[in-house]
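Residue numbering begins at 1 within each chain, and the chains themselves are lettered A, B, C and D in the order written.
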């Protein structure tokens, strides 16, 4: 029975599993690219001679959106890093769930650009749309993480050594929190005040940044 | 005879072969980049103050094209992953065939943007052109996969351990199906109805997504 | 106690540490992408038929800015390479400090484009703004390097074998020099003459290119 | 004497050397990105409703330029692959020479876009400028390869096992050929006929594609 080193043989009735090495490097590549592509939305403004500085200063909202999204993708990468350390092997279904997680990361530059544009050139209605779109994207982005944890619970044979199913169940709390609170931030931004919604989003990103440590420590204890 | 670890010595009359490690990581890099670059075609629409939301909603076709192409590149990556697991070494010719496969993946954002533009801003004629271009690109993209399998059949010494030549012959069915059915989708879109052609394309992408599992299971059985 | 190979077990009271492999490859990816994205700001000028050559020659400042920033990112990559060789493990805090270093690199195409635009289309005021922005970005970019070295001094357990804390203290001199001298170049460009400020920036980049060797030789001696 | 595994200790008087692993993966990343970024210059033309197809067909020169540059970067990657297999270690100077080689690759999308624009929208003068720029870029790109081989000849201690200095001397012929013949193609395109110059460039790229096998076979014989 000759097998490539990243293969784990399975009885025919169960889905075929393989190692996570290429999934990891592909995901890392995607995160590295998307965090770098954000800069393409920082453009030199159209300016009249002598007014470059003033026009640059008008773009403050773009810089803030850039910084927030850079941190957000950094958070996602660190969390994804911790996520893949839970598993020792992948199946086709898990690869697709992972692609759905990457989809959420890849799309970030678009709501970022919309948000920046709304706060630079738009009125309050546009800002409400921009905040709601960003929050919607962030909330939906939590869904495949939930599915990932759910799949792992049903397939404990994919878990890394020393990772208990109870641990995986605990971890589901974080994407649920994300789904609910990003959603609430969007509603707040849409129905109450776009700036309040934006603050809600920033608080959530900070929460995920801090708890990515928590997730990793728990993994380590097992 | 000192050889780098990824070298396999060959008699002079046969083409020189080398390991697939750099080809794999280069290909993974290309797939990761192209799946991320798709987002650059989601642009903030030019809008009048207060009309951002309405203008965003008008871009529905762009979002659909983005999602379809994201899934398509995901499918290609998974299939390419399975493809490179068939081989244990490469030659210059096989490297060029692989570059032709990557060419097909790299080009996807262009027909995607054309398709999105045709369904957002164009009339039926433009939509027919957009669907036909996408289908043409997808059909032609199947050709180097066929050549890859054909080359492997003539050079069984490049096959990984446990991969039989019969298995490779079976695999040729999938790019042939792609060539024929993407071609038919294009003809359907051009001569009958662009929406029908588009549905044909989407069905084909779904078919390839599902059968990438089949391909991998067969590899595993050997 | 089962641990993935890139894990180092720690008592619970100290921050959890892990290997630097994924941090290294993620950072390399970011540097490779940003050094390549620079070319996107070299655009074909809008030209009337027959005037392409003349219009290309007018863009001289863009080419100079491209070359300077390419070398700058090359310098940063070489220095970052040397930096990560000092450590054998990372913590969540160090990962964030590293992300701040990458933030500095990722942002470079933006001040580069502003600088190129100011010297191509702007007046002296615009050039002063462009030089000051580039120098400000370069000076601020030095800050997370300082923090990185400071963190390493407080966590000698993260240092690679053969790297002494005294060596780390010596290395702090270089980002301090950068912070001060890029700042002075910016002030020179803003208050005296933009071309002088630009020369100051270029001299600093050359200094960092030369001393990246110095940094590496010192590491080797231990 | 504790050394990281990719370090080779050297007496202080000689330049410090280190392994080529990160240089290889960084270079692969750059080639993967630049070959993928080419597609960004394939843009949906501005079109009136119902004229998409006609406007797409007018862009034939862009597609040709895209294909030629894709093959060109593929050639460069394969040659670079063979180049790095000659060396077992790098120094700071060799890293900078390698960055100069990458500079040549990274810049390709720019002369490609100029060339495509000249043949789509320009007159004969513009085409002469486009061909001359592309040939100039290609000729200058050969220079750092020459320097690379020259440096290796003076530092035989960096050569991989089984690579003889005579072999390195032989390899210098190819960049010399490139420097001369791309230069001649540019002169031909500028003074005689832009289409002839373009044909000269395409022939040269084909020559390098074919001889990349030659280079590799010679390496294998040692």
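Observations, loosely collected:
Everything that follows uses one rule, which is that a contact is a pair of C-beta atoms (placed from the backbone, for glycine too) under 8 Å apart; a residue touches a chain by one contact, two chains touch by 3 or more.
Computed from a predicted model, the values in this text were never measured in an experiment.
Common neighbours of subunit A and subunit C, by the contact definition above: there are none. Relative orientation of subunit B with respect to subunit D corresponds to a rotation of 90°, obtained by superposing CA atoms and rounded to a multiple of 5. Although subunit C and subunit D carry the same sequence, what matters here is overlap: shared residue numbers make up under half of all numbers found at their interface. Taking the mean of C-alpha positions as each chain's centre, the chain lying farthest from the centre of subunit D is A. Chain centres here are Cα means. That of subunit A falls 25 Å from that of subunit B. Subunit B and subunit C have centres, each the mean of its CA atoms, that are 36 Å apart.
Across the assembly, subunit B contributes 25, 29, 33, 37, 40 as residues in contact with two or more other chains.
Judged by the touch criterion defined above, the protein chains form a single closed ring in which each chain touches exactly two others. Interface note: chains touch in the pairs A-B, A-C, B-D, C-D. Chain contact summary for the complex, subunit D toward subunit C: residues 1-4, 7, 9-10, 12, 15-16, 18, 22, 25-26, 29-30, 33-34, 37, 40, 92, 95-96, 99, 102-103, 106-107, 109-110, 113-114, 117-118, 121-123, 125-126, 128-130, 133.
Within the complex, the subunit D residues that touch subunit B are 24-25, 28-29, 31-33, 35-40, 42-44, 47, 49-53, 56, 70-71, 74, 77-78, 81, 85, 160-162, 209, 212-213, 216-217, 220-221.
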